[in-house]
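So, here's a batch of structures to check.
Both complexes shown next keep subunit A, but they swap its partner, so subunit B is in the first and subunit C is in the second.
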Partner chain A sequence: MRKLSRLRRRKITAPALLLLALVIVGNAYAFIGATVTTPGATASNARSTMVTEGREIFLRGCSSCHGLNAEGGGVAPSLVGVGAASVDFQVGTGRMPMADMSVQAIRKPSRYTAAETAALAEYVASLAPGPAIPGAAQLTFERDGNTAEGGELFRTNCAMCHNAAGQGGALTQGKQAPSLMGVEPRHIYEAMITGPQSMPVFGDKAITPQEKLSIIKWIKSVENEKGLGGASLGKVGPVTEGLMGWVGGIGLLIAISVWLATKSR
Partner chain B sequence: MSNTELEPLKDPGLPAHAHRKADHDEVAAKRAERQVSILFLLSAAGTILFIYSYIWIAQDIYVYLPVIGTTNAHQLFLGLGLAFSLFFIGAGAVHWAKTLMPDQEVIAQRHEMRSSDEDRAGFIATVKENGASAGLGRRTLIKRTLGLSLGLVGLSPLLLLRDLGPLPSDDLTKTSWAEGVHLVTDPGNRRLRPEDLEIGAVAHVLPEMKHPEHRKLDDIAKDALLLIRIRPEEFRLDAEKLSWTYQGIIAFSKICSHMGCAVALYEQQTKHLLCPCHQSTFDVPTGAKVIFGPAARPLPQLAIKVNAEGFLVAAAPFNQPVGPSFWERRK
Partner chain C sequence: MKPARERVAGSVANFVDERVGAAKFLKKNLNKVFPDHWSFMLGEIALYSFIILLLSGTFLTFWFVPSQEELIYNGSYVPLKGIQMSAAYASTLDISFDIRGGMLMRQVHHWAALLFLAAMVAHLMRVFFTGAFRKPRELNWILGVGLLTLGIVEGFLGYSLPDDLLSGTGIRIAEAILQAIPVVGTYAAFFAFGGAFPGLVFIPRIYTVHVLLIPGIILGLITVHLMLVWYQKHTQYPGPGRTEKNVVGYPLMPVYMAKAGGFFFIVFGVTAFLGAVASINPIWVFGPYTPTQISAGSQPDWYMGWLDGLVRMSPPLESYIFNHTISWNILIPGLIVPGIMFTGMALWPFIEAWATGDKREHNLLDRPRNAPTRTAVGVMSLTFTVVALINGGNDIIATHFSFTINQIMWATRISIFVLPPLSYVITKRICLALQRADRDLVLHGRETGRLVMLPHGEFVEIHEELSPEEAWTRTSHEQLAPIPAAGIDANGVRANGVLKDRIRARISKGILQEQIAKPTAKEKLELGDGHH
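Right after this comes the complex of A and B.
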């Protein structure tokens, strides 16, 4: 108590309190003021700003291949109608912009911030309607997904390319289906609805949105699965396991037989 | 060089027997004894580790090991304990035998397997003599019925060969696809409309069944189908095969014509279908023509159409057996 009263008598106290009060009032006013203005108008304003921003980013970073109006060119496809989901997937996972003109754009750290990616997506979505970015309200895989069903769907629809445990696999001529471990649920969903690069599209009638959530839930369960036996050998099945068996197992047997047969001195 | 200059190799005989150190050196023998007992003690320790981990190590503890990675401690020590207990019993026994047990070398001579002529003649005489005294030649009824029963017993295993059958009849040539059968998603069993597939989309489908829960794996193994939609102008098909497609949607049997794996690696950009087992590659626009790999013929294409309600249905059964070649399959 005494400490407090001593503090009150200090010279700096009054201005500091005044400043604090001003900050609180100002922030409260800004907050209330923001909620009072019509939300639709701000949203559409923000959207058009984003489209403008996105167009600028596009002109700087993407147009040399995809064309000034995203109409596509000799080396790159048209982006009219690919939708925001496609942009969010390709740019958000760092696949676009491509590092080189090899057979496949690979996952790498993203060149753009989340805000820039969102602006780009907004711009491309403004060109023609296409699949939208699935929001948090759509990605309720923890609640609505069914792991067992997801596993069944995965084995029928995805396992032949991405491996039965989602570890990825080889395609033709140097292309590959990437590993699905550690991929954002949003990006998995977007890949299914947009069919990036070699991957085909899995429409909402072939695999319903609920089934897509089940697939994501299954992938996440595989990702979080603790290996009872330790080394999973890449979870790629007979290749590494066979190598281990032939080299390690048979090698050990040979070593033991040599020891059995050598004469002791 | 003439042959006379060559001397024939002499039989070097067996090498002289060298005694082990433990055979004449008491210190070495003691050491070997200690080594053997240490190996046996290691085995005992392994068994104790096994018992300890079975009872006292909780099943949800995970430990990190270099190279191996994160491992379940319960399983790891259970396995190590059992491996130690078994391996070191064997190792101890081998070390014991190699260092301390008698080391006389014994040469086992091989003889001809044939018995001597006297023994053979004796055997025949015994059989004849006892056979005669048992009345084998006299009581023909017994002899014949015994022959009958032994013969029939010998026949019965032949009967079991019937279990190799029955012959597959038309199982290899027929699938569940017939005109008007709906294409339903696998899994999910939902009917599909053409507008459900956008360009570049695929769908894994099966024929509709009244009771999909009764679908047998044998049926799936023949009926599985892959629906692919591409731009209709990209098809390079003859008029008949083109009429089997619907607005760019083409249906192929998913069963590889090489060894029967599920061909479903579809590359949307190159429009190639790839078999994961032996890398046979099929070109979709040309009707799954084989462009790489060991497959001998294209994947069978199913004729599809849209029925009055707007659903995708089969327009006809497959015009050829699906899956790999078999003996009776005509080219």
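Right after this comes the complex of A and C.
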């Protein structure tokens, strides 16, 4: 028993530690890289290993579209200056690598581990400065967010695409603003600072970091809201309600009428 | 000698009766007979859901505050705490979260509204497809169209009252439609909103209209509607023993009344169940109305959805005449098309009587297959409305069935012109096929699937004769001949209005010529018994 658990621990510890180190270092670098420009010697070393690693992964999985030096190609944009946040969002939500060249890269299970994603982000960030990945210290929405304020900001800035309840909506030309239910707080934050595809960028002047936390808190409160007033019917409004009224309401009553009329004969 | 109490009661009754003649009236009317068929209960569903609307609506008026004055919300729904909103929206939140039974009542009221409208539409379809609107019931049909129109307006005003983001968007569209009326539009909108949109008076105004004016008119119209049904007696489906002159069914007292009472509770039960388990119009999700905000996937209730769908599919068309912009893209789908549809619907009994030349009274209903043109026109109109309704939900369909909005819009733009005529033709063919099937059934009986080998080795299937009742139901309808065109009279003088007559003869030919002749007794005799 003990042996087994020790073995398991040993099997897992090495990659886990590596992963942890990578994430911490990656975040630290991104944080420092975006603010101060003189990283210490050790950080610099770790950074360069990650960049090399990231570059390798990039060459294998991304360069066919984005070019050998991420300079962009005929099919995909240049990634120079998009920042670590953009890569973390695109790869972390499974959008990249793009599966098919449809109108929009869709969300799917991520193909890369957290460590590989961090390395990729590191590599792209090394090309030119850009928005950094928000660290745990930044994502204190539970403490610093205000749900009601977040809802107000969301209705003003996001509801026209994502629907007032964050359930997603259709845009023109077959594009969609996806439902925001179940999206990780970090990815919500990154979406706002990088503006994927048809979504605009919401810089810190338009929506302050604190307000961003409020928005995240509101989205999470909608997500966790228990069906007030009964089954929610998908929270998409009158379409499902009308369907229900005809099928579960009138349809049921007609069925009862038919039954009553046959009964009475 | 009767006990004193009874004697007093008797003399009071007598006193009243001698003055108002109630006994004779009641005796005559309680003996009225109502026929029984499930489709005759659709009107009742509408009636009962209206009663439920009145009851639940009265409850809501105790707490709803019809005011657009702004305040800071401080109720128990945390995600909106501290937000500025109108008193109307705040009070609706209070009804939902802070008043006992309020959420249930709100949901019952809204579900009952959907049922009311759906029941009216279903009832209308039954009346239309069976020809119940024919003389002498044209007036009641027109009342019905009026009720449906009022019901739609009432529903729209109702869901506009809470002043949430969704309904505010709807009012904005209504304002645009109002403004699109040439010349007077801008003034009409200015008048309705007491100034610029959204203003402060609109909610209080529509509140009065929603809780007092329209329900009052609907109640009055329903009363007249039911009195007419009473007075003209109910129609009945054709069948043995049923003629244009009699009514076969149950006496009003006690059988019909007892059944109707029971049915009320069934309708009430279904509505209450929906209100208890299924959320409807969750205004807290949409947030308070602010003109600068809008939500993706905004839809009206279904009975307005087809209008919204028409507006959404119309291409941007505007012209500029005499300093006035005419927005055809709103005017045509928002006012002209529904105007034509509702006017045509109201006038249909007269159009049909004119076209077929049938001006007689009818108390026997048509089986829809025996009036193929009418049935086809009905299905065509329904198809049109449903296509429009689908486009009304285009964004929801797009996100949930992975189409693009543009695909759905173009599909419905084309379908709205192609599918109605197509459904007309198909329906007519189906009706004629059913007529033919009826004819075969009457002439040759029902196939039994039993094979018999004749002595010389031939196999024949045994056909079972229809019962006389079944045969009667399939053959009792009359088949009118097309009206001949009145042309030149015996003296060679052209009659007045020849063109009109000719048009009518054409139309009547279109309606009446294509019928499968029903079997005559002679044909039946010639065929002999059972097999062929």
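Going forward, the second predicted complex is superposed on the first by the 212 of 265 C-alpha atoms of A that agree within 3 Å, B and C clash if a C-alpha of one lies under 4 Å from a C-alpha of the other, contacts with A are read in each partner's own complex, and residues count from 1 in each chain.
Note that in this section contacts are C-beta pairs under 8 Å (C-beta built on N, C-alpha and C of every residue); 3 or more make two chains touch, one makes a residue touch a chain.
Since the model is a prediction, treat every value here as computed from it, not as a measurement.
Three-chain overlay on subunit A, with subunit B and subunit C in a clash.
In the superposition on chain A, A:197 contacts subunit B only, with no contact to subunit C. In the superposition on chain A, contact is made by A:176 with subunit C only, not with subunit B. In the superposition on chain A, A:260 makes contact with both subunit B and subunit C.
Of the two partner chains, neither subunit B nor subunit C is touched by A:143.
Contacts of A:249 after superposition on the shared chain: subunit C is touched, whereas subunit B is not. In the superposition on chain A, contact of A:151 is made with subunit C only, not with subunit B. Using the contact criterion defined above for the overlaid structures, shared-chain residue A:211 touches subunit B, although it does not reach subunit C. When the shared chain is aligned, subunit B and subunit C each come close enough to touch A:229.
Between subunit B and subunit C, it is C that contacts the larger number of residues in subunit A. Touching of subunit A by both subunit B and subunit C, each in its own complex, is seen for residues 149, 152, 156, 160-161, 169, 171-172, 175, 177, 227-232, 260, 264. For subunit B in complex with subunit A, the touching residues are 18, 20-22, 62, 65, 67-72, 75-76, 94, 98-99, 185-188, 190, 192-193, 196-204, 228, 262, 264-270, 272, 274, 276, 279, 281, 292. By the touch criterion given at the top, residues 149, 152-153, 156-157, 160-161, 169, 171-172, 175, 177, 195, 197-208, 211, 226-232, 259-260, 263-265 of subunit A touch subunit B in their complex.
By the touch rule above, subunit C contacts subunit A in their complex via residues 36-39, 41-42, 45, 78-83, 96-97, 103, 107, 110-111, 114-115, 118-119, 122, 165-166, 259, 263, 266-267, 270-271, 274, 276-282, 284-287, 290, 292-302, 305, 393-396, 398-400, 404-407.
Note for the complex: subunit A touches subunit C at residues 147-149, 151-152, 155-156, 159-165, 167-177, 218, 221-222, 225, 227-233, 235-239, 241-246, 248-250, 252-254, 256-258, 260-262, 264.
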